[in-house]
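Think of it as A, B, C and D in the order they're written, each chain with its own count starting at 1.
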Amino acid sequence: MNQPQSVAASNSAYLDYLNVRRRTAELAAPLCVEDQVIQSMPDASPTKWHLAHTTWFFERFILADHAPDYTPVNEHYFYLFNSYYNTVGPMHTRPHRGLLSRPTVAEINDYRATIDERMLDWLDTTQLSGAQQFLLTLGLNHEQQHQELILTDIKHGLAQNPMLPAYTQLSVPESVSTPMNFVTIAERECANGHNGEGFAFDNETPRHKVLVHAHKFADRLVNNGEYLDFIKDGGYTKAELWLSEAWSVLQERGWQRPIYWQDDLESEYTLGGLRDLDMNAPVCHLSLYEADAFARWADARLPTETELECAAAGSEVKGNFYESGALHPVAPGESNGKLRQLFGDVWEWTSSSYGPYPGFKPLAGSLGEYNGKFMCSQHVLRGGSCISPQSHLRATYRNFFYPDSRWQFTGVRLANDA
Amino acid sequence: MNQPQSVAASNSAYLDYLNVRRRTAELAAPLCVEDQVIQSMPDASPTKWHLAHTTWFFERFILADHAPDYTPVNEHYFYLFNSYYNTVGPMHTRPHRGLLSRPTVAEINDYRATIDERMLDWLDTTQLSGAQQFLLTLGLNHEQQHQELILTDIKHGLAQNPMLPAYTQLSVPESVSTPMNFVTIAERECANGHNGEGFAFDNETPRHKVLVHAHKFADRLVNNGEYLDFIKDGGYTKAELWLSEAWSVLQERGWQRPIYWQDDLESEYTLGGLRDLDMNAPVCHLSLYEADAFARWADARLPTETELECAAAGSEVKGNFYESGALHPVAPGESNGKLRQLFGDVWEWTSSSYGPYPGFKPLAGSLGEYNGKFMCSQHVLRGGSCISPQSHLRATYRNFFYPDSRWQFTGVRLANDA
Amino acid sequence: MNQPQSVAASNSAYLDYLNVRRRTAELAAPLCVEDQVIQSMPDASPTKWHLAHTTWFFERFILADHAPDYTPVNEHYFYLFNSYYNTVGPMHTRPHRGLLSRPTVAEINDYRATIDERMLDWLDTTQLSGAQQFLLTLGLNHEQQHQELILTDIKHGLAQNPMLPAYTQLSVPESVSTPMNFVTIAERECANGHNGEGFAFDNETPRHKVLVHAHKFADRLVNNGEYLDFIKDGGYTKAELWLSEAWSVLQERGWQRPIYWQDDLESEYTLGGLRDLDMNAPVCHLSLYEADAFARWADARLPTETELECAAAGSEVKGNFYESGALHPVAPGESNGKLRQLFGDVWEWTSSSYGPYPGFKPLAGSLGEYNGKFMCSQHVLRGGSCISPQSHLRATYRNFFYPDSRWQFTGVRLANDA
Amino acid sequence: MNQPQSVAASNSAYLDYLNVRRRTAELAAPLCVEDQVIQSMPDASPTKWHLAHTTWFFERFILADHAPDYTPVNEHYFYLFNSYYNTVGPMHTRPHRGLLSRPTVAEINDYRATIDERMLDWLDTTQLSGAQQFLLTLGLNHEQQHQELILTDIKHGLAQNPMLPAYTQLSVPESVSTPMNFVTIAERECANGHNGEGFAFDNETPRHKVLVHAHKFADRLVNNGEYLDFIKDGGYTKAELWLSEAWSVLQERGWQRPIYWQDDLESEYTLGGLRDLDMNAPVCHLSLYEADAFARWADARLPTETELECAAAGSEVKGNFYESGALHPVAPGESNGKLRQLFGDVWEWTSSSYGPYPGFKPLAGSLGEYNGKFMCSQHVLRGGSCISPQSHLRATYRNFFYPDSRWQFTGVRLANDA
């Protein structure tokens, strides 16, 4: 993560802080207390844990170290709301977060209010150093990541309920069918990684030269209609389409369709409850295994992260993000000769394993645990989703998940060798 | 379960119903909404599930079959709140009860209120047949069983929280040390099983002759002080004291002390939070494995259920029950030449596997699933505990759990061959 | 186990030893070296392990303690071939027995020869005390138990092989159909347990009075034809026929028929390879769960061990044992008004949990681990099987297995209340 | 895999075939029958399975398709010895290979002899097409891969035995201590992948341009002395040194040292039995997790596969291979300003996930399952080991294993950014 050169005006920091924190509260607002307690699988966390953990981040990494004579709100919280930072102390284990009925949702909201007050007070009274400004920005970006997780985790949680309750009402626009065209890109050298202007995570650095071989890109994401063809063609029953470990996982868990699709192959569970599948909208909630098998079936392949970053470089970060209110991927606009849907809708799986860039150095200290220690066995995803905050994304942004993960808003764009 | 001969006055049924139902609400009162959602292990259920399931029992087995033109409150509830009655339909699987955020606690309390209204209306307007009167009594006894489970389950749930929150404040009396004496009982023939006066579960029937060999009984339960001696003597490290499968379980799960004892061997988690161990109070929350190993260490054995029933037959059902407010086992009164603590404090493990009595017939229909299908691999416990409702117990009462169960209020009385 | 009063003539001991040891070698003879290595599940052991362990038993419990200046054959063997005697030292864990390629089969046969030589030398030169005579007899009975296990374990092992190799050729007689009649037995008091004449295991003692309630007994075992009717009637699909834990196991493991029956429901794997089902022969390799579900379907119940012992008391130990050469259960002879097949063919499941008799004391010392520590969660089986050595059985004999065990030669006789 | 341009003289093919097949038999020679049966974990296979599977490969992919009127030796073998080729039919599952006592070792050796005869006959009588010549060479390279696996699998198998039997006697030379120096390599563009001369697997193609950033390389492998320092410095107890998933695995499995090191940290199990650790010899049997943690501790990083291939390109394939008879990694010779140990001793873990090269196309047909379907979640290793056949290796060779694999001869060379 790059340290900003100059100290931001405290006024802007103040507003950024308020905006991000308010957004988180907005996300929790449609949920009843009970919804905020449940943890539907070890990979997901309860909403109230997200509310507390993001707050802990500010308390632990800013206030505890930078506010004078700081007294923690509750010593237990340092244990309960530490996610995975071994160097700052032991922690409550992740699969057991859903067993914590206390602190209650109300107590956690009090915790949030107290830390907000202290943070704003600190911002008011402190001439932030560059490092402090960076910590603040990091904390806000961290909270934005958890905003997306609040939605993916609660979607998974509510989907376990046979009554299939909705999180909220969606604003999904009408859709039209548009063809998928391929765009050819010649071999070229370009640069990957963040250029140092504005905030970036450490895993986006350093910027470095890359060689991109000639390839082709689909100009839009794969849609539900195309994925349905794959299923109807026996996609889930043909071993030859699947990676070896994918085939094992599929057999073991009985996968036959995307996680939220219903048996009828006509409807899917969404944050707005059960909805008809829009055949023009991007297929969503694929594991890497499914994305890869689909690509093989379609006689194509997944993009590399290098290819995608080079393609996205210089493009405006526009698309179907959280702010659109759809909270669901939507059909793209008309073909325009360019790559559509580069940002938003669904995270795009890449064939690239998540690893360090040449010359990568993690952040110093405990925050070095933020990204680097996950650089193994996961795959990079690019572009953000329909539930990502728009201001959180950029062309160099690297998301990462295990290849069997299906509960994120993940989809696929086809690529091929030229 | 014996069908009562005569129809009870509807007034008494009315009051019984109100009292039992009110008691359940009273038990949930100290809990916040969040507490009522969590499920700390597959064996335990969320409080709100207990609140709904006991209500479902009346709706499903009485109103749906016996109230004219009955319309269910919510069809989903028939699926969600069926526990294990395969013959009335499919059900939500037990280990996933803690994933249900909806219906909310408030909705479940509404459900309770609606069913109460309908039940009272039905009681008001119906001349109960013997069979109907029996169903009502069964439903109330069923709810009393769940009253105890609400407390054991929430104790386990709160104990997972590093903050060790209390359920409520306990009223525990002062304790004094009294010796453990053995009482010798000569060989005799007696009768076991329920005699048909008043309510009993089907598993207590039929009454039948049994032969009891000469034996000795400790006149009180084993206490914490004695159990601490066992631990300090290396009880948990000596394979020769343990049943073979007990030793495997102990090694696999790392058992070193009773489940709620703290590392210091001086305090334990209780429904009132952390408390000093009372060395004179009965040791509690033992698995059968631990009870059995302790007995072997003490050169004694567990009682059989036959021995215990014969010993308790004719005694008044008095002791430390829920009504005492201790919600924790307490030291016995002075020795009096008789068996003390035959009822209340802790359920007493027996060496008897839970099986059918000679001539046993389960109830007809779906309610035949209530007890009979569990007659395998479990052990019988006798006497009730400090959190059992007093009116629920009797000398013929058979409780049963798996030998590795530790979260019930279970303890041990020593016996021996004469 | 009762200590014989007088010292047996050394000549007879000598012959007994030779005969039993020779029989074990005879059992291994049809197997190739490879067969003797494999372990098909944690419950089963490789043949070569049985060959070594039974030898270890003599070395460890007789020679090491009773032969002057004894030097062990190989110190490693004390670790490798100890089964479960914690008090004589640590041991190689059971599920890993199949990973031991060394000592080889030839080395183990050498070990057997060496110990045989030493044992015979010891018998030659020692005036056996009563205790020593008892140890010898115990060792021989122990080896007989493993003779049966060698066959059950290798049957399970060979059955894993898609080529379904035979262990040997069977001598199975022609069968005829005979009706199943019920015999009524009035309430009576009788004695259970061993009377001290000849050898018995400690778990058969002490002899004690029992009260048997009036009941009925089928005069022969349930046969394949009857069991096929159960299957065809949907026996494996009706939850109401099964114990609760049985139903879970069945669903989890996908049980649809007895373990060695083929899909076609017309043939089964036997020690002689694949054979047509003989509809008149006893159904074999049932778990307790299946035996119990069948009984419920047939509107009957399992016998208790008390009932079976009282029924068998005084009968000659005759039937289809190993010596018949069938190595498979066979159809009974004509009805004769008495209980047929009380011994041999298949072990008969009882509803009795395996526990201590009133006044039971395990053997002193390490041999106390032989039986007592398994008195939990298992069920008693009676009567021996078609692969038991005839001389090993008696009316008081108690075998025991877990209710989900299917690889033993286990079947079912129906009983009912009178 | 590249298709050779011209047909090789049949004489050379004949000799190659004989040599490779003979080597396999040589590898099995020191093993007793029992050793060839055991399977110590799902990842390993019994020796006799390797002997049969490599034979099946020739029968299935050459004889069955290319020999006129071919009749299989045994139809069962097509099922039993298929490893993972779904497109040629179903197969016996991998974790159950150790349950197959039949066919026996002798029968498998007969199978080998029969196929050898048929293959040689086919070679004698056939003018091989380019495609056939390729299949032959592929089959021989395939068998060479299994030669290495025979040794790694049997090492793991014998190591499970408390007696720690040796596979054979080793010829390990004296060792001297030499420093580890770093060599700096400037940024450069080079080519990766096979150039088409001679045999290569499909995963080594196509040759393509790569950009290598400036970096440093250690001029020898990390040795036992250095790894011991890591352990003594608490390497296995410091979370901050480990990848997140590595730390979980380490805690779950209780790792504290390399898999074959003994508790005393002074000796290790080798194919020659227990031996003192040679502090100058390369540390061996590291998982990627351990290699990576060591590198982090040493303030370095793992090489990428690109870096290693560029470094090795043009070097002669010389080093400590199977042919040396050491069967164990040995200390390097004196420093010489170049990278030592680039081939042989231990496979070198890289930070590169195993994936397709740009433009990669798997072989057509069933042999396309050989490599491509494993391109997920594994890491590339380079250079071969002390048990690899020398003729099997080349600079472009890509081996791959999961990051938690420890039973291969795997070690680590340090790299760093320049």
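What we mean here is this: contacts are C-beta pairs under 8 Å (C-beta built on N, C-alpha and C of every residue); 3 or more make two chains touch, one makes a residue touch a chain.
Small disclaimer: the values here were computed from a predicted structure and weren't measured.
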item: Centre distance in Å when subunit A and subunit B are each reduced to the mean of their C-alpha atoms; value: 47
item: Distance from subunit D to subunit B - Cα centre to Cα centre, in angstrom; value: 59
item: Whole-Å gap between the CA centroids of subunit A and subunit D; value: 37
item: Touch-based graph of the chains, sorted into line, ring, star, complete or other; value: ring
item: All chain pairs that touch each other; value: A-B, A-D, B-C, C-D
item: Interfacial residue positions of subunit D with respect to subunit A in the complex; value: 84, 86-87, 189, 208-211, 213, 215, 239-240, 242-247, 288-289, 292, 301, 351-353, 355-356, 358-359, 368-369, 373-377, 403, 417
item: Touching residues (chain side subunit D, partner subunit C) in the complex; value: 32-35, 37-38, 40, 48, 76, 79-80, 92, 96, 98-105, 157-158, 160-163, 165
